[in-house]
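Take a look at the structures below.
What follows is a pair of complexes built around subunit A, which joins subunit B in one and subunit C in the other.
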Partner chain A sequence: MKSATSRSLAEIASLVVMLAVIVIFFAQASPVFLTQRNLDNTLLDITTIGILAVFTTMLMIGGGLDLSIGSTVALCGVVIGALQSTWGILPAAGFAIVVGALVGLLNGFLVTYVGINPLITTLGMLSIARGLAFVFSDGLTIPVFDLEGTQIDAYNTFTQFGEGQILGFATPVFVMFTLFIVGMLVLQFTSYGRAMYAIGGNDKASQLAGLSVRRYRMTAYMLSGLSAGIASVLLTSRLYAADPRAAPAMELTVITAVVLGGISLAGGKGTLIGTALGVLILTTLLNGMKLLSTSTDAQNIAQGIVLLVAVGLDQLRTRNINWSRWLRGSRVVPGGAGAKTAAGGD
Partner chain B sequence: MKFSRKLSLVFALVVMLLVPLFPMVKAQDCPTAQDEYVIGFANLTEDIVFTQLVREGILAAAEEAGNVEIVLADNRLDGATALANSDNFIAQGVDGVIHFQTDEAFGNVIMSRFRREGIPVIAIDIPMPGATFFGADNYNAGRLAGEALGEWVNENWDGEANAMLVLELPQSGPIPAARMQGMEEGFQETVETPVADDMIFRLDSKNTQEESFQVVSDTLPTIPDAEKIVAITINDGTALGVIAAAEAAGRAEQIMVVGQGADPSGQEAIVAENSRYLGATGYFPELYGFQIIPAMIDLLECRAVAPAIYVNHVFINQENVCELYAEAWPDFCAE
Partner chain C sequence: MSAPLLEMRHIDKSFYGVKVLDDVSIDLFAGETVALLGENGAGKSTLIKILNGDYTRDSGDVMLDGQPVHFAEPRDAEAAGIRMIYQELHYAPELSVAENLLLGRLPHRQGAFGWMVDWNATREKAREALKLLNVDIDPMTKMRDLSVVEREIIEIVKALSRKARIIVMDEPTAALTPPEVQRLFGIIRDLCKQGIGIIYISHRLDEVFQIAHRVTVLRDGKHVGTHPIAEVTHKALVKMMVGRDIEERAEVRKNAAAIQLGEVVLDVEKLSKQGAFEDISLQVRAGEIVGLFGLLGAGHNILTQTIFGVEKADSGQVRIGGQVVQIASPQDAKRAGIGFVPLDRKVNGLVMGMSVRKNITLSNWRTLAPLGIFSQGKEMQNTHHWVDQLGIRMAGGVETHTRYLSGGNQQKVVLARWLEANVRVLLLNEPTWGVDVGARSDIYDQLEALAAKGLAILMVSSDIEEVLTVSHRILTIYKGRLTGEFMQGDATQEKLLHTAAGGVS
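Our next item is the complex of A and B:
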């Protein structure tokens, strides 16, 4: 356990160094990079990714995967747009969060009870949610305004979700920070958090130990969908519009950030501090490249390289290479000393 | 005489002193006027040829202007990204912004930022409240093609067509609808005998060549007696789909097609031997910048600019393609 903790600290330290290098590089390259305005913009821009990353982290620690979150964000936004005039904007926003949770619950049911591979299940849900978003919106972006002037107070409240401030932070940023803190507390100090590490580390052993693996995993999928609903409310409020094309390829960005932050694709490992650093590294890199007018192709390539490097590092960690033997010319030692324990988790 | 000479001298001195002050007066009258400008350009997407040409044209026009630096961004067909790019432009202190964003619905929130900062905006193709509009004159662009098709029918088919295929794009709302309306009305008002309503077939092209091929392949067997068929199409790709379907059905000689865009694939079909693609209305995305950059400089230097600036559309056919794109089709133009 001690070595696992020190390894985890070393990983976080390496992420901090990586972030520092990126910040120093772009601070030198662009005079705008470290301005208050740009920092505020960057924080606001990462809220959707950040909120999704919190619950994707929990899910992946428990051995799950959700590729449908971006499409679920779009679907929930369209639900708000479609129901705003008949239900009222605030009930519509509440229902959108419920829809997100239901999508997650359905994913969880198909994965845990029906036994469909998580990749296939959530890939299918990605198409279904995006398709439904287009069907309910007729393919058009829906303006979110009080067109009839009958819900002025409700729309003012709704607008505050995206544009307001709490304790000096933009509301979406405050929500993201809050979710990160709550998530960290849940993972570190609750039986749910410990169970997710255990299940991700070895689900069969966890089952034998009396944990209800299916129930825990279903909850994690439901929370993942719920986070898409929350992100969608904040995004729709910021844009004053619900777009069926919203959050394009968001799942890839989120998974890249989460894996970069040290969450293992095999489950059972990682921390939300790592995820927060992964989100910051990825978005800082992309923000810096934007400020330098770097082409979109270059940004895509950079994101792809970051994903491959992150997954590569994850593989090396999982295979637990004995570097001193490797350097002496020996082969990789799969599952060598210090391999993942049944309980998993660092 | 002596007095008037002195007076002249004093007048000349006063003028010499005042002349250098004129630019200062200008700067005070127009707070945004400067010697050099930084202009942000957020492109719709970098994934399609049309928008890549728009970007290249804007960069070329900025270079030609000599005092304009362009800061580039990509809206990636996404409202949230367009909003983030707007915030980034403001953080970078740009003097003006050219926004090619995806949907009118995001216009209010984007423009509220720029209005707060007093930054002038030119919106390409998608109008935004408070921004100068630049873009296609969709209805008239459509009419140009429709009228050309009507004239061809008058000259070659005794002013009468048996059926009309309308390859439209209903899900994309009013802009493509205006093009289609212009084409249909232009044709019907030009041709000697308009096509009867029950012989007009409205087909959803879904903006793709494959879908266009499919829906026309399904429709042609339902009009076996029609020997003079005209087709108006939303873009070059759908036009090519129509022609391919007619060829596959062995009825290529019975159809004549017009479209919108005149991109390289469309031009290739136009210059082909025995072409059934009469022509297409050109949008000239590569020239957008040469109208937009001067307009932006006018805005920044407080000169009057029309609230809407339209592309100068031309209907491109075999007769004029060499005037516009001779280098692209050397063999055809050498004939």
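Our next item is the complex of A and C:
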């Protein structure tokens, strides 16, 4: 217990320190950074990332990976926009979540039953979902509000998803917090959570222990898609519009944050607390850079670097490299010369 | 007398504070075969890895021709003429024998076509190399078309063609049939005549008496003794390796042979799987331990996997407690009351990055988390029950990751999992592979205790002493067919080996 727990505590602590350093730096650099307004906006801005990160965390602990979440958010939004007048806004929103879940289910099926590598499966789905979003929207941003004035009540309800408040929090923020807490409980106390750690840690052994590895994996992919649907409803409501270009490269941001938070690409380890910190660190960094009028390009570069550094550290940790031996590599060791003599002497 | 070819003196080595080699010495003269014996975990492989430069020793000396040497890397050992031939061979199956022999140093043409391989020269060079051992193999044959022993011979030729002085062979006969073993021994004798020193690692004592000049025995990381082979007996060697008389245990077991057997629990009828096994019928009663003995690749491992639903059978059926069960997956098997302790617990048995507790309860969520939420108290209580019952020892309590447990304790965790799942039938694949002596004895005791409680146990093993020690009844399998059945009192090593090699019982 000591070793495992203290190591994950050390990881959490280092993330907290990292966050503190970034906050202090930007607080010095930008007068706007610590204002209530900026903090509120930032928090609202990260809800999409945060919601997706909860489910990406569970999926990745189970050894999966989903690159299609950003495109799925866009696709679900377009579904709302396209169906709002014929189906009514609320059924359209509900259906969007179903579409998200179906996309996830298809991913899961292809990965677990057909056996396509998750990276390839969801990369393909990334392209398909984005393409469909453009097809269903003719490439245009669809306004999502009561154009005809026939469903006033329904649209008022829908608007609440993005702009309402629950217990003093903006609804999306509340939803995000709730999902984080529920996610933590699920990972900690339920058989579903335990299954994610087990199959991510060793799917072969889990299968031989009698777990239905495929079903658990499929469920995790399905939930990942479902979370894209939920995030999409909140986003569309908040923006009054469905944009086929929405959530660009969002999967990249989410995976960067999650890996930064200590989730391993190999699966089997990590916590949602780590993910929460990863999300905060990454988004704070990007927000701070924005406030300092850094270009989006520079932000992209920074995000890419964070991803590579986080994955690189994860790799080194997983492989448990023997540094002393690595460093010694080419150096002459005591007695090494003797070995050469002996070899040459025959 | 000239200095020995190789001398390793007073070698110490610890991993994470655990001493795995304690003042171990071994020497080897040119033209000699020394057998290195010891149970799993005795330190043989660590010693060899130090010789090969994979590990560095903590203290002690390694001398070649009386000169101290230090190998920091396998490359250094190779330069000094030391060759390893591992149980698992590394070769390119689609390439020819010649290419495999000369890989990385294929001869090239002269002049403008210097970038092209000179195939004639390749063939000639390979032929020369093969002549070193008088081997009659066409150098242009593809590696995959050779038999196992031929591949092993190619590996030896490869070692020789690069100026070997010492060849270490790790269980080279594990996958060989008796005639192939004799062929290999002929080659080993030739090597000795050429002045090469051989370190021969094997579990099979009869082989050691045939081929070795001297024998060095290790136990629990200590040097037990080195003797000329003519001065030791089979029994004495076993005692040196195990530290006690194995027969004693068998005596105890024989007295207990009047065990009350219950009804048939596992009933396998005419189970067949193409290319693996055919027409297998066997029964295991409640309270019975049936040993299934076969040489590597005889089909016994796939048989248990098939009963457990990992592999699919082509025909035949399985009954549990008289009921025909359809088992298409491990989940089905678990539901039917079958547990499975697989080969290679690190890969197939345990989630190494998860705690002892979570590994023990991994197959019993139905009871511990009926609605998907774990009953924490009950889980902890059951975990402690099995930890006490099986004597699972770990440094940091039940939350320790199984990665940090010793092999024997890891195996007990896998065992505990199926007990926690309350199975009626337990299938075991090589249950003490890589388990040290003490824990091995513990596991045998546990299996007996479990059988006494009415569990039906089918144990697959390639370890003849294990089969003889633990089983009430022994079946032998050869090329996918059952070839013999012995009650414990009647079985002998000779009989088992005979039938397991295809002889008529």
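What we mean here is this: the second predicted complex is superposed on the first by the 319 of 346 C-alpha atoms of A that agree within 3 Å, B and C clash if a C-alpha of one lies under 4 Å from a C-alpha of the other, contacts with A are read in each partner's own complex, and residues count from 1 in each chain.
By our rule, contacts are C-beta pairs under 8 Å (C-beta built on N, C-alpha and C of every residue); 3 or more make two chains touch, one makes a residue touch a chain.
Everything numeric in this text was worked out from a predicted model, so none of it was measured.
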Checklist entry - When the two structures are overlaid on chain A, which partner does A:Thr296 contact: first (subunit B), second (subunit C), both, or neither? => result first
Item to check | Contacts of A:Arg37 with subunit B and subunit C, given as first, second, both or neither | outcome: first
Checklist entry - With the two structures laid over each other on chain A, which partner does A:Pro248 touch: subunit B (first), subunit C (second), both, or neither? => result first
Checklist entry - Just subunit B (first), just subunit C (second), both, or neither: which does A:Gly268 touch? => result second
Next on the checklist: Tell me the contact category for A:Asn202 with respect to subunit B and subunit C: first, second, both or neither.
Outcome noted: second
Next on the checklist: Is A:Arg194 touching anything from subunit B or subunit C once the two structures are fitted on A? First, second, both or neither.
Outcome noted: second
Next on the checklist: Per the contact definition in the header, classify A:Gly210: touching subunit B only (first), subunit C only (second), both, or neither.
Outcome noted: second
Checklist entry - Residues of subunit A touching subunit C in their complex? => result 1-5, 189-192, 194, 197-198, 201-202, 204-212, 268-269, 328, 333-336, 338-343, 345-346
Item to check | subunit C - residues contacting subunit A, complex | outcome: 64-65, 67-72, 76, 79-81, 163, 165, 308, 310, 329-331, 333-335, 340, 342, 347-355, 358, 362-363, 365, 369, 372-374, 376, 396-397, 399-401, 404, 417, 421
Item to check | Residues of subunit A touching subunit B in the complex | outcome: 32, 35, 37-38, 41, 44-45, 48, 138-143, 235, 238-241, 243, 245-248, 287, 290-291, 293, 295-297
Checklist entry - Along subunit B, where are the residues that touch subunit A in the complex? => result 46, 70-74, 76-80, 83-85, 87-88, 90-93, 102-106, 108-109, 171-173
